[in-house]
Amino acid sequence: MQDIKFAPPDGAFTRTVQIRFSHCDPAGIVYFPHYFNMFNGLIEDWYTEELGVNYADLIMHDQHGFPFVHIDTDFKIPSRMGEKLDLTLLIEKIGRSSLTLAIVGHKDGTERLRARTVTAMMSLSSGRSVELPAALRAAFEAYAAKTGGKT
Amino acid sequence: MQDIKFAPPDGAFTRTVQIRFSHCDPAGIVYFPHYFNMFNGLIEDWYTEELGVNYADLIMHDQHGFPFVHIDTDFKIPSRMGEKLDLTLLIEKIGRSSLTLAIVGHKDGTERLRARTVTAMMSLSSGRSVELPAALRAAFEAYAAKTGGKT
Amino acid sequence: MQDIKFAPPDGAFTRTVQIRFSHCDPAGIVYFPHYFNMFNGLIEDWYTEELGVNYADLIMHDQHGFPFVHIDTDFKIPSRMGEKLDLTLLIEKIGRSSLTLAIVGHKDGTERLRARTVTAMMSLSSGRSVELPAALRAAFEAYAAKTGGKT
Amino acid sequence: MQDIKFAPPDGAFTRTVQIRFSHCDPAGIVYFPHYFNMFNGLIEDWYTEELGVNYADLIMHDQHGFPFVHIDTDFKIPSRMGEKLDLTLLIEKIGRSSLTLAIVGHKDGTERLRARTVTAMMSLSSGRSVELPAALRAAFEAYAAKTGGKT
């Protein structure tokens, strides 16, 4: 498999994860479920630091849930203890109640993994999907525009 | 979304996971990265208990790795603390060096989640994919045949 | 350090944990925070299976919390992927609102680790410690008596 | 229980942990095994950033292990999603082959938890404890001196 180059678009939200002893398995590489934890942390930070939405409040106080309904991930190159992995978040699609993100893990300009996640806003009381609040939708649209459009 | 019925085919490998306090998030449902850990445990048990392959030896002693190269998952119905979730493993495809599995999470005849995982056998020394050993391939084929063919 | 022998007293609650790939670190042994997760699972199972108390209900529905206020652990012998570790739960002390447990990890009659945990019953509304409910205290006393008294 | 004040001594190594959704349990507070993972990360960063010792190399390349042989922890005040918890590392004792650390979790000048950890240097080949390398011992002594002596 050939290496795939990746350069985050201007304005994209990127956070660097220190690959720790605790992430690694007996083969010395990241045990894959930890990546999903990293994705969740990235999305949390994106809400809080980039969009100015308090993720804790969104989940805990507004009686909204925003669960994952789909995730697919291609693992291309493993990461090892002591390395720093960059994770970049891009918007693929904004639906009526759902949001599709791309999360790209990369290092030194090469893609190491790429995930697509779909979350859907739910009412915690009814258990049904609800339309994205207008302010949140606007924040998503602004981020997509700023990073060169939906991917 | 309508509920999807699921009944494991005869002979399918199913293990029941007790949903624990430790699996659940502040919304009281399973925090999704834990599912991937459950999948890995299911696959481990399938090798050891169903195929008679020692997974620990396969990974640690034979200088082979069998990393995930792709996973996609649809999360349909959340699971809660105290519930028991059944996980069934089926074979979708047996490649030259890769194995594609379906993992279905179900309870009381209803699908709760469904994953497709692709693992590829690698040499740990060269980092390249290697052909599946004949004995392993035969074990995969036998399991697929026994459970009604590749899905 | 000399090996310490351990034989669970008659009637003691013991569960066997399969040491999995996911538990192990790059040195091939259990990454120690996983042990605390195993302890929590053991205690959960003890409530449900031995004492007949539904732990999920206790935590989620009765507005009681039962958090850990202290844990100390001696790690004596590491455990490796593919091994089966037995965990035995014994009662050390029953306080007004607190319970002190000993959890012994052992294999083939030899102690591998030993923990002492103290949990204290709290009201989730007031945040204060509350006296152990009489039925729970009676269940603890019965278990202690059955396993040869508090250790 | 009265609150305990804590102010890190000058020069002490402190890192701030963002309490995330993923750390929290159905009661909305940090699930305690995650604290041990945070301690391990703090120690890792202390080696790398404060002592200038590459922790990954120490573990992976020098054929030395530095496992925990003892940990005790008092959990005083729970932490919640969205909070920032400061973790400060202090040296309690430097032994022949062992190192005893205090790790204090604090927020706004109040202790939330306090751990004492003992690690012992081992040869991975012989499985026996080995004397701390002189350079490492000197680094530990310098840090202890700088932070006001062993606690």
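Letters A, B, C and D name the chains as they come in the text, with residue numbers starting at 1 for each one.
Note that a residue touches a chain if its C-beta (ideal position, glycine included) is under 8 Å from a C-beta of that chain, and two chains touch if they have at least 3 such contacts.
Predicted model, so just to flag it, every value in this text is computed and none were measured.
Give me the set of chains touching chain A intersected with the set touching chain B.
Common contact partners of chain A and chain B, which must touch each of the two, are C, D.
Look at all chain centres (mean of CA atoms) and spot the one farthest from the centre of chain A.
C
More contacting C-beta pairs: A-C or C-D?
C-D
Averaged over CA atoms, how far is the centre of chain B from the centre of chain C? Could you give it in whole Å?
Their C-alpha centroids are separated by 30 Å.
Could you tell me the distance, in whole angstrom, between the mean C-alpha positions of chain C and chain D?
24
Take the average of all CA coordinates in chain A, do the same for chain C, and state the distance between these two points in whole angstrom.
Spacing between the chain centres: roughly 36 Å.
Among all residues of chain A, which ones touch two or more of the remaining chains?
21-22, 26, 28, 33, 37, 40, 59-60, 81
Would you pull the chain D residues touching chain B in the complex into a rising list?
For this pair, the touching residues of chain D are 21-22, 24-26, 28, 31, 33, 81.
Under the definition above, what is the set of chain D residues touching chain C in their complex?
Listed in rising order, the residues of chain D that touch chain C are 26-27, 29, 32-34, 36-37, 40, 59-60, 65, 67-76, 78, 124.
Under the stated contact criterion, what part of chain C meets chain B in this complex?
It is residues 18, 20-22, 28, 37, 40-41, 44-45, 54-57, 59-60, 81-82 of chain C that touch chain B.
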